[in-house]
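Both complexes below contain chain A, partnered by chain B and then by chain C.
Here is the complex of A and B:
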């Protein structure tokens, strides 16, 4: 049992290390760089060439052997130093600390909501398998899943923000509202997050609903459900402890990994809604060739994914007794 | 030949029936075909009745009918009367939902085939017992005490079993725990649908031994449904043979095994694998049993029967009284003795060795 946790932890750490190293190598392999970008911009702005050279020179670091760079990169990473953003002229860690909670808030909320809907909806469809409700719901699920979230997001901005003006088109909060634990702040934050959350929920709920439907139909056909009915258990208990619980089990890992994936998927979403989370900054970093920021956010996203799989592995035994001993049972 | 044909219920009747089944029929297509074709049967209080038939002969339908638990969307018609000791008879098929819920498991209980899938994998066994007791408003403490006694009767360690999850138990342990669970509310009748199908031979035998002990101790009436004729012959007082959704022969176990009077039963006895008989002596029955949508007219066995005549092809035979309490649904039961000779000397219990000793 302990062996299992040690193995999972080891694997998570190893994955992170590989990602960090790959990132390090990739960034160096990309042609061009922030200085080229800066030079091009300065040239376009018509700055005097000698001044440009001076500016570039002042930012240029002495090049060192690659293993020294790698060592410094790793040690500063471990001390939480992700370098400084070229474009925003701020430490990358400060930007991430400011932006990450918002992205996590939007994506975790959206994923929880969409799973809650999917579990209930899918189970209901399964109970009514073959009915018109089933056909209509399954059709709707497939239709919704085939709409990309960014298309729906743009549609939302156009319709709800510009045409009717019922929802804000940009930013995390209204100007002048400071982040504090007040009703006004929470209300304003939810108001601004509503459209991004809605576009994620609506476009992702369909697939999960179909998954839940399939699982539930399978569990409903199990002998133990029939025996439970004969034993006289209440319909409610059978629906929750027997059908529900056993149908949700395979979705639990999917739920946690989807949170991880959605954090990565925030890049386009936050750009559409000009929602300044890590996705938004990632987009800005890409456009401006801001490598330190790009790397920092990339690391955060991979860490989130590795972490969510890790958490799924560690906690799966709590919801499924069969994995408690965990010899060869791996959730993902 | 028709002189001895009996249309009354003499051959399947019981002196003190605990359950009476009249014309029980199950259809899934509004009566165009039947997967249980108007079966009548009486269950004697305290007996063990073995119901034997091939796969897909309607045995499980008969078992489910006793609890009015035919899998949806099947439709069960006929009359099934439960006569509790000293109380008014109950018509099972006309019960309200709440009454039916309390009849099941409290009065008539059931063990399914495949014990491995009869427990919720996410709940431990104690919870299974507790929730069953709670659902029937029974005293939890007293009920768990009874559960522990039952588990001990079945040679299991109560504490260990109750604290286990289903996957932590072997198939045989799960099967016995399931039997204990089915008896926890002290039912009068226990219906067992292929309870030993998934177990190895040794386990089958020991479960049979335990069942006959339980039957005596708790004064149970049992219906034991199986495709394994020799297995149930060692346990049952009476046997009923099913073929193509109908009962074709019924009688005391000894009469059925030693003096079977239906060509199908005789062929079934000859086709049963026997550890002592050489392979060359085993005789499979030619052809295959019919599907419900394609039932032959008359006697359903006539396409495979060496004795079939015109009569067999047109009229469904009723029971013919072979002896008292021994009926055979065959016009030519007398001829079957010579036409279908039994290959080995059969006696109840010899093939399951040791059970009777």
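Here is the complex of A and C:
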């Protein structure tokens, strides 16, 4: 068992290392390379051409063999230095520290809400399998999941923010409200996050409900549920202790992976709602070709996903003691 | 049991051709058998399900629009009709025009062929690679398994959308087929994992062991004994991958990260949202709604296909519908909806 934890940790570290190496390679694969980007930036800033040449010349002399650059890139990353953003002219780490909590707040809240709804709704459908309620709910679930979350987001902004003006269309708080632990601040933050959260919950709840329905139906057919019924246990006890627990188990990993997935999806969502989380900054970085910021946020999102899957894998054994891990098979 | 792959000499003494000479199997027979087993029967079961039927019809409509429709209907261009027409005003532009006089319907229709190519290339790439890596890893086991599983685990842990965006900025792909592959660049990994775990169960079956004992080569065992068992599952996931391609590509086009040289519903959404003044009171809402409906129905068709095809998993339903077994036993489909990545 300990062996499994060591292996799993090794894999998480390996993934992060691959991602870092990938970003390192990508920055160098960009047409023109960093020096050309620097030149373009200087030209845009209106620097005198002869001075640009001088700057480029001086930089070129500094250019080192690739492994030295790689070593420096790695060591600066490990010390938390992600470089400086071209566009915002701020250290990338500062931007991320400012923006990350908001994105995490929106996405984690949305995912928790949608899983809560999915578990209850899916279990109810499973109990009424084959009824009109089942058909209607399953149909609705499928219909909801055919809408991409950003399409619903656009509709929400157009209808609720611009047409009726009931919800704010941009920013994470109203101007002039400082982040502090006050009722006003919390209320304002929730008010601004309501539409993004709603568009994620509504479009993703359908598939999770169907998954919960499938799990519950499978568990309902198990022998131990029949035995529990024969023992005359109350329906409530069977539903929560026997069926519910076992049906939720397979969704646990999905829950954490979906949080990670949604962090990636925040790029589209936050652009639509002009919600200044990391997704919004990533979009700005992509549009403005701000590579340090782009790669910095990419690394942060990857780290978040790797960590959430890592936690899911490590804790799954605690939730479901039956699972045996690290089994090896005969090689052919 | 030790499997000797390199031992070719034994085949001469111990020929399997003998079994074939007694019962002559012609190519036509084999084709007919293949058709019955892999197209007719699953098709029948799938068609029996209302979800698949609707899904197949929706997909048929899209293929029709993408091929014949795009060929018949005029291409969108600026000032081809009066500007800012509302829908259902003229026959010339039934769904109205944009602020620059482009026919909205023409724009939707002419974005379809590229979308279908993207779906196809993305789906084939994702499921193909997943089947290859999943079956080889699951069947071979040992070091091969460890290496391939670690590889797919690493790929799986890199968030898809940001990775695609970064790659799109670097590569800036123009062709629809390339975009499809780019979008599924790490989508296959999760699928490969679940295929591997299914193969782990399948490879313990006695007929697989029989093939192995008879010294059948690994690619042949994978192709003949293992992959056919998973075809329904692969098809379901093909539909899921296709839906992912639709969502991701429209999102990327909406953000303006992919080059705008190709017509796409996402570009249309972006134009309608930012330029056409869809925000100013909803007077031009139709420009947003038309591409939205196009996206939703395509996704709906793919979800329905995937959900309905799940039933093909159930062998009991399959034989009963094909008229090979008369038993009227339970046909409740207990198959859980396949793991879907939203």
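Observations, loosely collected:
What we mean here is this: the second predicted complex is superposed on the first by the 292 of 332 C-alpha atoms of A that agree within 3 Å, B and C clash if a C-alpha of one lies under 4 Å from a C-alpha of the other, contacts with A are read in each partner's own complex, and residues count from 1 in each chain.
The working rule: contacts are C-beta pairs under 8 Å (C-beta built on N, C-alpha and C of every residue); 3 or more make two chains touch, one makes a residue touch a chain.
All figures in this text were calculated on a predicted structure; none of them were measured in a lab.
After alignment on the shared chain A, the placement of chain B and chain C results in a side-by-side fit free of clashes. Of the two partner chains placed around the shared chain by superposition, chain B is the only one that A:223 touches, whereas chain C remains out of contact. After overlaying the two complexes on the shared chain, residue contacts for A:103 are found with neither chain B nor chain C.
In the superposition on chain A, A:199 contacts neither chain B nor chain C. Touch criterion not met for A:173: it reaches neither chain B nor chain C.
Of the two partner chains placed by the overlay, only chain B lies in contact with A:231; chain C stays clear of it.
Put simply, more of the residues of chain A are touched by C, taking chain B and chain C as the two choices. Contact with chain B, but none with chain C, is seen for A:320 once the two complexes are overlaid on the shared chain.
In the superposition on chain A, A:241 contacts chain B only, with no contact to chain C. Once the two complexes are laid over each other on the shared chain, residue contacts for A:137 go to neither chain B nor chain C.
Superposition on the common chain places the nearest Cα atoms of chain B and chain C 8 Å from each other.
Residues 222-224, 226-234, 237, 241-242, 245-246, 249, 319-322 of chain A are the ones touching chain B in the complex. Chain contact summary for the complex, chain A toward chain C: residues 11-12, 14-15, 18-19, 22-23, 26, 29-30, 129-130, 142-143, 145-148, 150-151, 154-155, 157-159, 162-163, 203-204, 207, 210-211, 213-215, 217-218, 221, 254, 258, 260-261, 263-265, 267-268, 271, 282-283, 286-287, 289, 294-295, 297-298, 301-302, 305-306, 309, 328-332.
Residues 67, 69, 71, 101-102, 104-105, 110, 112, 114, 117-124, 131-132, 135-136, 165, 167, 181 of chain B are the ones that touch chain A when the two sit in their complex.
The residues of chain C lying in touch with chain A in their complex are 3, 51, 139-145, 150, 153-154, 156-163, 165-167, 169-170, 200, 203, 212, 218, 246-247, 250-251, 254-257, 269, 273, 278-282, 285, 288, 292, 295-297, 299-300, 303-304, 307, 332, 334-337, 339-342.
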